[in-house]
Structure formats: structure tokens, C-alpha cells
Amino acid sequence: MSITLKALLKSPWVFHLSTGSCNNCDIEILDCLTPRFDVERFGMLLAGSIRHADVLLVTGSANRKCIPRIKQVYQQMPKPCVVVAIGECSLSRGMFIHSYNCPLPVDKIIPVDVYIPGCPPKPEAIIAGVVKLIEKLSAKPEKK
Amino acid sequence: MIYLIYLIIFGFFLTALIGLFASWVDRKVTARVQYRVGPPVLQPLIDLVKLLGKETMVPKGASKFSFLAAPLLGLGSVILVSTILWFNCLNPQRTFIGDIIVVVYLLVLPSLSIIIGGFASANPLASIGSSREMKLVLSYELPFLLAILVPVIQGGFTLRLGEIITYQVQNGIILGSWSGFLAFLVILMCVQAKLALVPFDIPEAETEIVGGPLIEYSGTPLAVYKLMKNMLLFVLPFFIMILFMGGFRLSGAHWINGILKYLGLVALITVIRNTNPRVRIDQAMRFFWGPMTILAMMAVFLALKGL
Amino acid sequence: MNRSDILKDIGERFKGEILEVFDKSPKRVYIEIKPQALVVIATYVFKNLGARFNIASGLDTHKHIEILYHFTFDEINFLISFRVKLLKNKLEIDSLAPIFEGANWIEREICEMLGVNFKGHPELKRLLLPDEWPQGVYPLRRDYKEWDDSSIRDRGL
């Protein structure tokens, strides 16, 4: 694995995108950055701009108005990048599956690498999911 | 001159190494103060290597030349300043008249490169960040220059860094005198603003609010900016050390003294960073043109009196 | 003014327009009124009795489309909901937006979600639905059918 890829796994900067969520998952993500669960020891920092970010955390079921914006945010991210879908609403829209305003799940809009279920998932679950992603990527010889 | 090229490599690599280490110390102390474990030792270096591997995107409508050349301008000026400072520190006799003015001029260039970079990206948020940076530079340059006048006066109205160092070797450090102490307080605040650390990080580190002037940067230019900021974290305390604390002498056991002085300054900057909230731009301007300028003028007056 | 005074006052003044009073609990009362009397009653409650217009809600029962206007009396912790029943072939009612600005956006939302026309509203355009939503399709009605062929409605299991 190339050295820049190894460096990417050791210092992932996260950007958080909420596509119409109830904000419970957003609060749990914010919880991960607080001193109790401290993800800075893995090198993770919260990036303010999408162009600084390596990991895109998506929460919320995608509204109709939000779908072109999700695509634009994904295009603005410098590749190589990783997309993480957090919470039931972004995996499969959860209880909003028959809603008139949520036609597609997030992984039909942008390619998703990690799915973290839960409503909302606990911070331990979010950290475990990201660690599993890092292990999976470092074990695989080829990467997109 | 071969000696100069040698010193540039020595001035670039050694400065980068010490700067990255100082940035790690800053992050680790901040983490410990907030009762959490911080990042591992190589984290700033890993950040840089990762950024070199990402693709560089130039936004549509941005002026490509200034967008890509602004980081190099900042990095080049920091390397030059570091070379001059190391050269003066290790050979105080071989300085030239006015090198302190050259250093002060070159130290404006990193802030200028961030301003140019912010305006070159075609983004309104970056323009807001750049205009705030301009206001900040306008406000802290005045007390910065006044505070530098104090070692100049005490060294006998000299404009050579080497003579200031030799004056301190003979007569004790400038920090010990009244005027030196006041000027040290002023220049510490100005350095905090120059490094864009809390409480004066309004323009740049607004990652919690907007992206600041660096919002459109990605990949290699961003890595150059981060390297420039980390190297400034070494160069500016080193400059304060030369002016007020006697520099970094390699003779005898004085180099331990130098390392302790540097780490003490970094610790002081970190403590100020962790215990203060962020101020607004108008509060910062009022702070620098009000109390700090008056304090600096008092220090110059005391220095002229001979204290 | 306490609760019973308010109810007696409204009951006497608008005796011809009130169809039914449902006293649910000490804090809530539902009063059904005729659609023609809405503006008069709302103006009286807002201006003379000093109530606050809280929100309006709309719902589609199988026979009518009902709109409820909720007014609160904050000092005495009391909420009156005025219910208006509209027939499905004549979905029109006078707008309350010229009287108080708080009704402006909620009437736009009821119009796009249920298809009720508010006469006299200054600017009755879309509020929440996206631009590519077809005209004439009202999502919160009971007979709403899925019009989008590209939407995915099964979990793929």
C-alpha cells in the first residue's frame, strides 16, 4: 500500500453532512469528538471545508431538494475519499421509506463505503465502524 | 556561497522538523488540558504526507497563478527568515546592517500569502476571511515594531541582530530589565496574532464557522500552507529568543538553556491558546491599538531612559 | 379573563356561526365554525381578546378537508382550536394573512400540501416542495399516488 494511502488511514479528516435528519445522529457524531470518546487520538479532526476532508459522514434521509447538493458536495471532495453513512435514515430511509419526499437511499446517490446502523448509533458504534473501515482498507491490496 | 546553501538546507529541514515537533507539543498539551489523550508524535508529519497524496482542485473562476503561487510565497519567506536567524545565531559577528529590518519585512509575507490565497479563490467566504486577516495585520504590526525598538535601543541603537546577541551575552538578557519585560509582553501577544492562534484566530482557523481564506485549498497547496504555519511556530519564538532572551548559543552547556527557553515559549503560547476564547475582529483591533500600543510606547520610553 | 369567561363571550357573540363546541380538557377546546365566519372570529379573538395565533393544521378526513386554527392565551394556559370543514369540490377559504403575518407561510404550506385555495393571500406560491414537483399533486391527501418512477420503495431484501 502506498505511503500516502497509509497516511490517509492514519489521519482522516471528517466532514459532516446532514441531509435532512432529525439531528439525533448529528449529536452522536458530535459526541465522538468530545473528550469522553476522543477521536483525535486516531488523528481525526473536524474539517470545516469539504475540500480539506477525507471522510464524508452522511446522516439523514435524502430529501428531494438535497439530492443535487449531495452530489455536488461529493464532487467537491478531493479523491481518494471515503463515505460513511450513519444512522438508519441514510442506510434505507428507516421509517420514512414510503415518504413522498425521500425517493432514494443515500447509496443510490453517492457511493458509500461504510454503513453504521442504529437510530441513533452510539458513539462506540460509530468509532467501531470507522475502525473496521480502516482495518478493511489496510488489509485489501487494491483500493479505488 | 556553499555555506549559505548549506545553511538553507539546515534552515529548512531543521526548522521544519522542530516546527512539526512544536505543533505536536501544542496539540498534545491542548489534549491533556482537555482531559483526553492526544495524537501520536508523528501526527503532524502524517497530516502533511496525506495532504500530498490528495488531488489539487482549482476552483472555476479563480486566478490560477496566484492561487497556486501564494503558498510558495509564504513558504519561501519563512525559509529565508529562518536562514537569516540561524546564521545570525550561530555567527553573531558575520551579520549585515539592517538585517533586523529585513526580517521584519519578510515576516509580513506569510500573512500576505494567506491574504492573496484567500482573494485568489473565487469564494465570498474566503474573501471575508482575507479581509479580516488584513485588518488583523494592520492592527498588530504597530505594537510589534514598537516592541522591537526596545532591544534595538538597549543594544546601543544598533540594527544588527548579531550586536543585540553580543550585548545580551555581556550585559544579561533584555528580558530582565523593566522595558524589556513590558516589550516582551507586547511582542508575545503580537506573535500570538501572527501565528493565528486563539484568541486571535478569527481570520484563519474559523473551521467551526466557515473555512476562512483556505476554504478552497486541497492537496499540495494546503500541505505547503500547513508546513508554513508549522515552521512559523518555530521561527517566531526563535525571533523572540534572539531579541529578548539571548538567542541560542551552542558553546558549552548553553544549548540546553536554549532548548528550555524555546520549549518554555511554546508552552506559554499553548497556555494562552487554551485558556482564552476567540475575540471578534473589532475587539482585536481595539486591543492592539489601545493597551498594547500604550504599553509598547511606555517600554520604549523606559528604554530611552536607560532602564 | 379566565377560561369560562372567554368561552361565554365567544359563544354569545358568534352564536349563529358556531356549530359545535367540544370541551376536551381544561387546556383545550375545539370550536367548529362556519367557513364564512372565519375572518370575523379570528380578528375578534386576535385583536380584542388578545390571543396569539399559534399555527394552523390541515387534515384530510374522508368526507371533508378540515383546517384547524390554534389560538393560545398564554397567561391562562389555554388553547382554542377553530375547526373549519371544507368540501372537497369547493376548497376555498378566506386568508388570514392580511390580518396577521404569522398566517402567511402556514397557508402557503397548506395550499401546496392539501390543495386549499386561500383567497386574498398576498403571494400563494410554493414553500417546501421542490421545483420539479408536478402541479396539482397534493402529497398529504388520502388519495395521493406515487408519481415518481425513479423512486425506490423496497428495502432490496
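Here the chain labels run A, B and C in written order, and each chain numbers its own residues starting at 1.
Heads up, the rule we're going with is that contacts are C-beta pairs under 8 Å (C-beta built on N, C-alpha and C of every residue); 3 or more make two chains touch, one makes a residue touch a chain.
Predicted, not measured: the structure shown is a model, and the values here were computed from it.
Skim through the chains and flag the pair connected by the most C-beta pairs in contact.
A-B
Mind having a look at which chain is the central one, using mean CA positions?
A
From the mean C-alpha coordinate of chain B to that of chain C, what's the distance rounded to whole Å?
Centres of chain B and chain C (C-alpha means) sit 62 Å apart.
Just give me the whole-number Å value for how far the CA centre of chain A lies from that of chain C.
Centre separation, chain A to chain C: 40 Å.
How many angstrom lie between the centres of chain A and chain B, each centre taken as the mean Cα position?
Taking the mean C-alpha position of each chain, the two centres sit 36 Å apart.
Applying the document's contact rule, which stretches of chain A touch chain B when the two form their complex?
2-5, 7-8, 10-11, 35-36, 38, 40-41, 43, 46-49, 51-52, 54, 76, 78-80
What does chain C use to touch chain A in their complex?
129-130, 132-133, 139, 144, 146, 148, 150-153, 155-156
Quick one: which bits of chain B touch chain A in the complex? Just the residue numbers, please.
27, 31, 34-40, 43, 46-47, 49-50, 52-57, 206-212, 214-219, 222
Show me the residue ranges of chain A that touch chain C in the complex, using the header's touch definition.
Chain A reaches chain C through residues 64-65, 92, 97-98, 100-101, 103-105, 108.
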